[in-house]
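What follows is a pair of complexes built around subunit A, which joins subunit B in one and subunit C in the other.
On to the complex of A and B.
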C-alpha cells in the first residue's frame, strides 16, 4: 500500500512554545485514521500545518510523494472546526462557491449528500443550527475527489442522530483509495470506523497503532486504551 | 450494529456471518453482498469488512470468484464444522459460568435435565 501522507520530524512552535514536537507518522491509502487527544493536544494545529495554513518550522510533510505546498493543496479536502462560510450565503451559494473554487468538486455527489444528510439548499447559512452547519461542511468536504480528507471535530456539538448520519456519510462517501483523518476527542463515536489511531498529547505522538491491534493484543476498546494512555500522560 | 468494543470487530462480524450460515439465514452456495454493501450494513469501514471476508475465505467458509462475487461454501462438512465449533463455544462458556457459580458437573447435568422437563 502506498502512503498518502508522510510526516517526518514535524515541529511547530508558537511564541517559542512547541505545540507540535518531532512528529513522525504516515497515512496509507484507503485508511480511516483517528487523530485523538485531549483539548490543546495539537490536533487542530497538526491539521492546519498539513493544510499549509501554518508553516512548519522543522520537518517534512509529503503528500503522495510530493512536498506539501501549493501543488498539493488540491489533493486535500479540509473540514475546519469553525464555520468558514460567508454569512450572506445560502447552502446553494456555498455549493456554487465550492464548485468554482475546487476543480474536483462533484456537483452530482454534492446533490446526493444533501439529500442523504437532509439539507435544504435554499436555507441561509446563518439560519442553520450548529449541527446542520457541521453537516453542510461535511457535505462540502466529501463532495470533492480528494486523496486525503481532513475532518476537524466533525462531531462537536452534534446530537446522536446527526452523529450517526455523519459516520454513515464518512463510511460510504469516500473512495476506496482515499484516506480520512478525523480529529476528535469523542473517542466512542469513531470506535468502530477507524482503522488506525494516532494519539497526540502535548504535541507529541504517544501512540500509533491500528485499532484492531489494540483490541486484539491489548484486549481493550479504543476508549479504554485512550483513557489508559492519557490518564498516565 | 452493536459491537463489543474490546474484541476485534472483524472477528465479531465473522461470527455473525457464520451464525447466519449455520442457521440457514444465508443458504449454502448463496451469493453474499459485496464488501462495500456489507460494510454499510454492518456500519464498519471497508478495511474491517475486507479483513472479515478474507479471513472467512481463508477458512473456506466463503469462496470468491474473481469478477463474479463471493458465495457461501457448498461444502456440508465445512458448515457442520462451523456448527460444532459454535456449539462448543457456547457450551464451554456456559460450563465456565456455572462452575463460577459453584456447581459441579453432576449438578449442572441435573439442572439441565430439570430445565428440559419444563
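On to the complex of A and C.
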C-alpha cells in the first residue's frame, strides 16, 4: 500500500516551548488512524501543521509524495475542532460555499449525507446545537473526494446517538483508497473503527501501531492500551 | 478569483447591510422633500447630511475591515484550507476594498451636490469626479497597508505574540513612512500643492487630492499597493500563522 501522508522529524514550538517534537510516522492509503492523547498533547497542532495552518520549524510533510503546500490542500479534507462557518450562513450557503471553493466537493454526496445525518439545509448556522454543527462539519468534510480526511475532535460534546451517527458516516462516507486521521481523546468512541493508532503525549509520539497488533500481541483493547501508556507517561 | 470576490461581497452585504440601508435612507431623506423650501424640507436635508456623513465614515472603516477582519475571524480556516493560491484571496479583498471606497466617495460627492442644491436632483459632473480616482487610490493604499500589516504581524514570530498591537504599530509606521517619503520627495521637486477646499465644489478639492494628479505619487501609491500585495501573498503562503494557543 502506498503512503498518503509521510511526516519526518516534524518539530513545532510555540513561544520557545516545543509542542511537537521530532515526529516520524506515515499513513497508508485506505486506513482509519486514531490520533490519540490527552488534552494538550499536540493533536490539533499536528493536524493544523499538516494543513499548513501552522508552520513547522523542522522536518517535512509530504502528501502523496508532494511537499505540503497550496497544491496539497486539494488532497486534504479538514474538519476543524471549532466552527469555522460564517455566522450569517445557512447550511445551504455552506454547501454552496464548499461547492465554489473546493473543486472536489460532491454536491450529490452532500445531499445524501444531509439526509442521513438529518440536517435541515434551511437552518442558520448560528441556530444549530453544538452536536448539529459537528454533523454539518462532518458532512462538509466527507462530501469532498479527498485522499486524506483530517477530523479534529469530531465527537467532542456529542451525545452517544450523535457519536454513533458520525461513526457510521465515517465508515460509509469515505472511499476505500482514502484515509482518515481522527484526533480525539475519546478512545472508546473509535475503538471499533481504527486500523492504526498514534498516541501522542507532550508533542512526542509514544506509540505507533496497528490496533490489530495491540489486540493480538499485547492482548489489550485500545482503551486499555491507552490507559496503560498514558498512566506511565 | 471571481468566486472569492462573490463570497467576499456576499459576506460584506450580509454583515453590513445596515450601512447600505443608511446610504439609501440618506439619499431618500434629501430627495423626497424637494419641492418646498419649508422648514421640514430643510430639516430633512440636515438629517440626510448627518446620516450621510456617518455612513461615509462607517464606509471608510468598513473598507479597512475588509482587509483586516477576515484574518481574525474563525472563518479564515475555510479560506486558508481551500486549495487556492494566496494571491487570489488578497486580490479579491483589494478589489472589494476598492469598490467600497469608490462607492462611498461617489456617494458623499453625489450627496454633497444634492445637499447644496437643497434636494434638487443634480447628477455629478465630470468636474466633480476629477478628484475621485486620487482619493480612492489613497484610501485603497491605506487599506492595503493595514491588510499587509495584519498579515506581517501574524507571519513574523517576534510580532505574532501581540498581533493586534503589532498590526496597529506596523500600519502607523508604514503609513507615516509612505506619506512622509512622498511629501518630502514632492516638496523637493516643488510639486506638492497644499490643499485648498472650495465651498462651491465640495470634495472636488484642489490641492491634497491633486497630489494624485501628478505622475509620481500615483505611481508610488500603485507601487506600494503592488508590493504589499506581492509580499502579503508570499507571507500568507509561507509564514502566516494565527496562534490560538
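The working rule: the second predicted complex is superposed on the first by the 233 of 233 C-alpha atoms of A that agree within 3 Å, B and C clash if a C-alpha of one lies under 4 Å from a C-alpha of the other, contacts with A are read in each partner's own complex, and residues count from 1 in each chain.
One rule holds in what follows: a contact is a pair of C-beta atoms (placed from the backbone, for glycine too) under 8 Å apart; a residue touches a chain by one contact, two chains touch by 3 or more.
Since we're looking at a predicted model, the values are computed, not measured.
A.B. asks: After the match on subunit A, would you call subunit B and subunit C a fit or a clash?
C.D. replies: fit
A.B. asks: Just subunit B (first), just subunit C (second), both, or neither: which does A:216 touch?
C.D. replies: In the superposed model, A:216 contacts subunit B only, not subunit C.
A.B. asks: Counting only touches as set out at the top, which of subunit B and subunit C does A:168 meet: first, second, both, neither?
C.D. replies: first
A.B. asks: Applying the document's definition of touching, compare subunit B and subunit C: which contacts more of subunit A?
C.D. replies: Answer, by number of touched residues of subunit A: C.
A.B. asks: If you stack the two complexes on chain A, which partner ends up touching A:177: first (subunit B), second (subunit C), both, or neither?
C.D. replies: In the superposition, A:177 touches no partner, neither subunit B nor subunit C.
A.B. asks: May I ask you to decide whether A:191 touches subunit B, subunit C, both, or neither, giving the answer as first, second, both or neither?
C.D. replies: So A:191 only meets subunit B here.
A.B. asks: Determine, under the contact definition given at the top, whether A:19 touches first (subunit B), second (subunit C), both, or neither.
C.D. replies: second
A.B. asks: Between subunit B and subunit C, whom does A:115 touch in the aligned arrangement: first, second, both, or neither?
C.D. replies: neither
A.B. asks: Given the touch rule stated above, what does A:100 touch, subunit B (first), subunit C (second), both, or neither?
C.D. replies: second
A.B. asks: With the C-alpha centre of subunit A at the apex, what angle separates the C-alpha centres of subunit B and subunit C, reported to the nearest 10°?
C.D. replies: Reported to the nearest 10, the angle reads 160 degrees.
A.B. asks: After the superposition, what is the least C-alpha distance between subunit B and subunit C in whole angstrom?
C.D. replies: Nearest C-alpha atoms of the two chains are 27 Å apart.
A.B. asks: Show me the subunit A residues, by the header's touch rule, that subunit B contacts in one structure and subunit C contacts in the other.
C.D. replies: Shared contact residues on subunit A: none.
A.B. asks: For a test of understanding, state which residues of subunit A touch subunit B in their complex under the given definition.
C.D. replies: Going through subunit A, the ones touching subunit B are 30-32, 167-168, 171-172, 176, 191-195, 212, 215-216, 219-224.
A.B. asks: Under the touch definition given earlier, write down the residues of subunit B that touch subunit A in their complex.
C.D. replies: Those in contact with subunit A are residues 1, 3, 5-10, 39-40, 43-48, 51.
A.B. asks: In the complex of these two chains, what residues of subunit A are touching subunit C?
C.D. replies: 14-15, 19, 45, 51-55, 69-71, 73-74, 76, 78, 80, 82-86, 88, 97, 100-103
A.B. asks: Show which residues of subunit C lie in contact with subunit A when the two form their complex.
C.D. replies: It comes out as residues 3-4, 6-7, 11, 14-15, 73-86, 161, 237-239, 241-243, 245.
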